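The data blocks that follow each hold one structure.
Shared chain: subunit A. Partners: subunit B in the first complex, subunit C in the second.
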Partner chain A sequence: MTYTFALVGNPNSGKTTMFNEITGSTQYVGNWPGVTVEKKEGKARKFKEDIEIVDLPGIYSLSPYTMEEIIARDYILDEKPDVVINIVDATNIERNLYLTTQLIELGIPVIVALNMMDVIKSREDRIDVEKLSAFLGVPVLEASASKGIGIQELVEKALEAAQSRASANSCERCKMLDDAIEQSLDKAEPFVALPARQKGYNSRWVALKLLEGDEKLQEKLKVPVTLMEDIKSFRKELEQKYDNDMETLIADNRYRFISDVVAKTVKKNNKGNILTLSDKIDKVVTNRILAIPIFLILMFAIFQVSFGALGSFTVDWLDSFINETVGGVIKAWLEAGGAAEWLRALIIDGILAGMGSMLVFVPQIMIVFFFLSLLEDSGYMARAAFIMDRILRKLGLSGKSFIPMLIGFGCSVPAVMAARTLENEKDRRLTIILTPFMSCGARLPVYALFAAAFFEQNQGVVIFSIYMLGIVIAVLSGILLKKFVLKGEVAPFVMELPPYRFPTIKGIYIHMLDRSKDFVKKAGTVIFAAAVVIWFLQSFSFSLQMVEDAGESILGFIGKAIVPAFAPLGLDDWRASVALLTGLVAKEVVVATLGILSGVGAAGEDSAELAAALQTYFTPLKAYAYMAFTLLYMPCIAAFGAIKREMNSWKWTFFTISYQTGTAWFVAFLIYQGGRLLGLE
Partner chain B sequence: MPLTMLSVGKVAVINGCRAKDTTRKYLEGLGIVPGVPIIIISEMGGNLIVSVKGSRLALSKGVAGQLTVQV
Partner chain C sequence: MSRTLKELKPGDKAVVKSITGEGAVKRRLLDMGVTKGAEVFVRKVAPLGDPIEVNIRGYELTFRKSEAENIIIE
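After this line comes the complex of A and B, so read on.
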């Protein structure tokens, strides 16, 4: 027998920690169909029964206004999990119970897990769990997910409820609403019984929702217009009686019920409005003078560690490990085995080089995710978003866009993935489109090469100007896209600030591993295919003969064919355009390709030979336009894969890369043609 | 008066919300409903951190301006 339990709770209620505790390493992450909200599933460990656990998005209420709320509600209504486990943050019980009341109204088996009871106990507060359970009409269990307490009991209780569905089905729904509203529900219920039964919904809940004017449900049930007229008359009656609109009325009723229950079951040790430790930290961290400096110092430190010494050390080390150690072994092995030349080339130059160029970033990505988890789990992330919101709002972005942008300077892949923290879909899409304009680490070798070859005196200034160009283009694009494409107000900034907490090592570990695994698995498949394809294109001619001179390969042919498109940018040599094409595998491949095509071999960015060769078909102006193009055009395949996954739409993925490549062309065009008008060369 | 006029540390009671439906519903879920006490914990260029029902919420200036409170 298979059972499905759904975890539902407020954001920051410890739901994810609970999920990790229950499922351990059995979990896997996907997306909810059609949307970019993460869907996590796993199996309950330590149970012989087959128990599937689904982690629903963190929500504050079941009213269908945000994407997360709609997903959670539709899942509960239509997929009908056997039991809903409602995670309630006991330290914030009054607010958390609002969702609980709505879950109970659904008329499905609900079990309340009072999480963070360890904190309640250490504060010497008291919660009468039995009484609470009696008031709510559902089982209530104490737990502490971060300490691993009460998890087993919770799942056992849920299993019990699932196996005896009838008894758990909160027989007598507790009366939460005023008598007048309950009476209206009594009258309305028979009217909606038929459409409700067809979908298998609780008819009293349907009556309540329709009375509230829930249009989503109305559509879903295809309620006849005549029936709605009757319901509207009940509604009008109530609104007149209370002189208030129905939604506010019901919300007010729920909160009154909760206040009443909390007053009778919770005893707080601390009286009055003493500032908590979190508040004291916030007084400093979000202080109007100190906030920005503290924020900048933290970001700088993270940036330094991830992309500075430690990060580049891991990249360099892994690079030599893959290409020299592993590559050497495979090469020797292939030679000893007498493999055909094409096979050797495919494995070494194609697969190993291509996969290697992505795999070298794995430790760095893990470092980035480590810090991200640290920021998120400690509670600082929410503050950072709050601090940056005012500035970013002017650009049509939300404060939550900042973190992805910052990571973008290291690598676009984790940056694009970090955009997940933006719950508003438009804001998230805009962030994903703009993030690759932040110049990633892989583009630096290209600038270094050209700056050394053409701007020997001002290398630093030139490279810095390219970085700045990326930021300026992102700002302008943000304003432009917000105005014409991703229209609409930036979501009003309302965000819960969880209390500061010491992150648990386990939580961070799972978080970090989860996302890195995801990256390797999914980006790896794309990279693998792309590496093989590009290798094939640059090694074979149309007659499928292996060629020595890449100029005669299919890629060379394509390069020559697309030269006219690049000519207005001053890039009239086919080698320059081919290098841009191969740069799609990874941007630093541009350097290697230029080396091979210029006849100096796979040279590094500091090769004087290559610099001399480049001077024969580039001018300083052309070189600058080329750098600008490299900065702005579509990011590498790994980032493309990440964009596709996060956008969860081919349409938006293609829009993104077209916009980026179009911008690159236009900006390089302006630089080259503008430069020529100014008499530059 | 609008919430933006309330000084830091003073307790007031929410008495209205002029935000559009979706925002209002979202705020309701967070505990911002008429009759609930609210305290401003800190203020940064018009954006606020408030305490409502024991939790801390960050509100942008725009949202804060749509909430009315009574001291």
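After this line comes the complex of A and C, so read on.
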């Protein structure tokens, strides 16, 4: 027999920890169809029965407003898991039980896992579990996910419920709603019985939801209009009687019931109003004066470690390991075997370098996500949003977008991935589109080269102005896109500030590993394929001859063909456009390509020879337009892969790179033509 | 005139009477436990003056002043 249990609970209730405890290493992380919300599945360990555990998104309610809520609700209603395991944070019981009161109405057996009981015990608070279970009409079990306590019992109990096919929770004791509402439900229920039965939904729940005016459900059940008229008249009656709208009435009723239950079952050991450790930390961290400096110092430190010595050391090491050590071995082996030149090139410069261009990001992703999970698990992330909200709201973003933006100055790949910490889909998409405008480390060599060649006196100012240009373009784009593309109701900023907790090493480790695996598996294929394609295009001519000079390759041909498109930007030399194409592999490659095409070999950004060569086909104004274009046009293929992964949609991915490239063209155009009008050269 | 939560200062306490407005913001506030009879304690205002942090039903909740304006208190 196979059973399916769904884990449902509020964010921060310990759901992930519980899931990991139950499933161990059997988990599989995917996506819910069509959206970027993560779907985790796994098998319960230590049971001979086949038990599939599905971790549903963390939610506060089943009211279908957020994507997470819709996913969770649809899953429970349509996939009908055998049991719903509801993780309830015992230290925040009132709000957590609100979801419970909704789950028990769905007609699927529910088991409540009262998590974080270790904290309750250490506080010497008391919860009468038996009484709570009687009030809710469902089994309630104590647990402590992070300590591994109560897990086995929980799964056993769920199995029992599944095997006995315990019919849905008949909760007669839990008189949650007012008599008048119950009576309306009695009247409405027969009306909806048919559409509810067709889908196998609990008819009383359907009646309640339609009475509340749930349009999503109405659409789903295709409730006839005439029938809705009747339901609406019931609603009108109630709303008039209470002089309040139905949504408010039902929520009030639920919370009133919960307050009552909590008063009867929870005894707090209130030793006066002592400040908890969490309160004390918060007093400093969100202090009026200290909050922003602390935030900035933290961000600076994270940035330094990720992209400073440690980050670049690991990247360089891995790069040379793959390309030199492994590459050297394979090369020697191929040469010994007498492989043809094109085959050697394919394996070493195509496939191996392609793999390398993906794998070099892994250490950095791990470092960045080490810090991100530290921020997230400790509870600081929510505070960061709280502190920064005011500034980022102006761009139509929320406070949490700050972190991906900042990481963008290091590397767009982990930055785009970091956008996943944003719950709201529109905010997340916007953040992904804007993050690559933050000038990443790989673009600096390009600026350094041009600044040295054309702006010798003001190198620092020129480079700084390019960085600022990226920020300004991001701000303007944010306002613009929010107004025309990602428009719609402003997502409410109503957010829980979870108590500070000490992050567990295990939690962080799992998080880091998950992200890296996910990157290699999901983004990796795209990056690898793109790298091999570009390698092919720049190494072969149309007659499939291998060429040394990229200018004679297929890519060179394409680069020459698109020169007219760049002419209005002043970039009328084919070498400039070809270098932009090879720059898609990684933006610093622009420098090397310019070197080769200018006939000075693969020069570095500080080569005086290359600078002199560039002066023959660039002017300072053209150079500045070129730098701006390099900053803004679509990011490298690795970032492209990450964008595809995080957008989880080709349409949005292509929109993103088209928007970026379009913006680059337009800005470079303004710079060049504007500069000319001002008489610059 | 009814008083809204926006008028409170850090350290003030109040009891929620009702929520005005509609749509996602209202629903979200209701779901988070900002319902009739709930006690709110205004803990602090963010360093830049917005949003605010309150304690309600034993946990910490934050929302913007524009949202606090929708919360009528007794």
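Basically, the second predicted complex is superposed on the first by the 658 of 681 C-alpha atoms of A that agree within 3 Å, B and C clash if a C-alpha of one lies under 4 Å from a C-alpha of the other, contacts with A are read in each partner's own complex, and residues count from 1 in each chain.
Criterion: a contact is a pair of C-beta atoms (placed from the backbone, for glycine too) under 8 Å apart; a residue touches a chain by one contact, two chains touch by 3 or more.
Quick caveat, the model's predicted, so the values are computed rather than measured.
Colleague: Give one of first, second, both or neither to describe whether A:Trp317 is in contact with subunit B, with subunit C, with both, or with none.
Modeller: A:Trp317: touches no partner chain.
Colleague: According to the stated criteria, A:Ser63 is in contact with first (subunit B), second (subunit C), both, or neither; which is it?
Modeller: both
Colleague: Between subunit B (first) and subunit C (second), which, if any, makes contact with A:Tyr98: first, second, both or neither?
Modeller: both
Colleague: Taking the stated contact definition, name every residue in subunit A that is touched by subunit B in one complex and by subunit C in the other, in rising order.
Modeller: 60-61, 63, 65, 92, 94-95, 98, 247-248, 251-252, 255, 286-288, 291, 382, 386-387, 389-390, 393, 492-499
Colleague: Given the complex with subunit A, which residues does subunit C contribute to the contact?
Modeller: Going through subunit C, the ones touching subunit A are 18-19, 22-33, 35-38, 44, 46-51, 53, 57-64, 67.
Colleague: Can you name the residues of subunit A that touch subunit C in the complex?
Modeller: Counting only subunit A, the residues touching subunit C are 60-61, 63, 65, 92-95, 98, 244-245, 247-248, 251-252, 255-256, 259, 286-289, 291-292, 382, 386-387, 389-391, 393, 489, 491-499.
Colleague: Mind listing the subunit A positions that touch subunit B in their complex?
Modeller: Against subunit B, subunit A makes touches at 59-61, 63, 65-66, 91-92, 94-95, 98-99, 247-248, 251-252, 255, 273, 275, 278-279, 282-283, 286-288, 291, 382-383, 385-387, 389-390, 393, 492-499.
Colleague: In their shared complex, at which residues does subunit B touch subunit A?
Modeller: Touching subunit A: residues 11, 19, 21-23, 25-31, 33-36, 39, 41-47, 49, 51-63 of subunit B.
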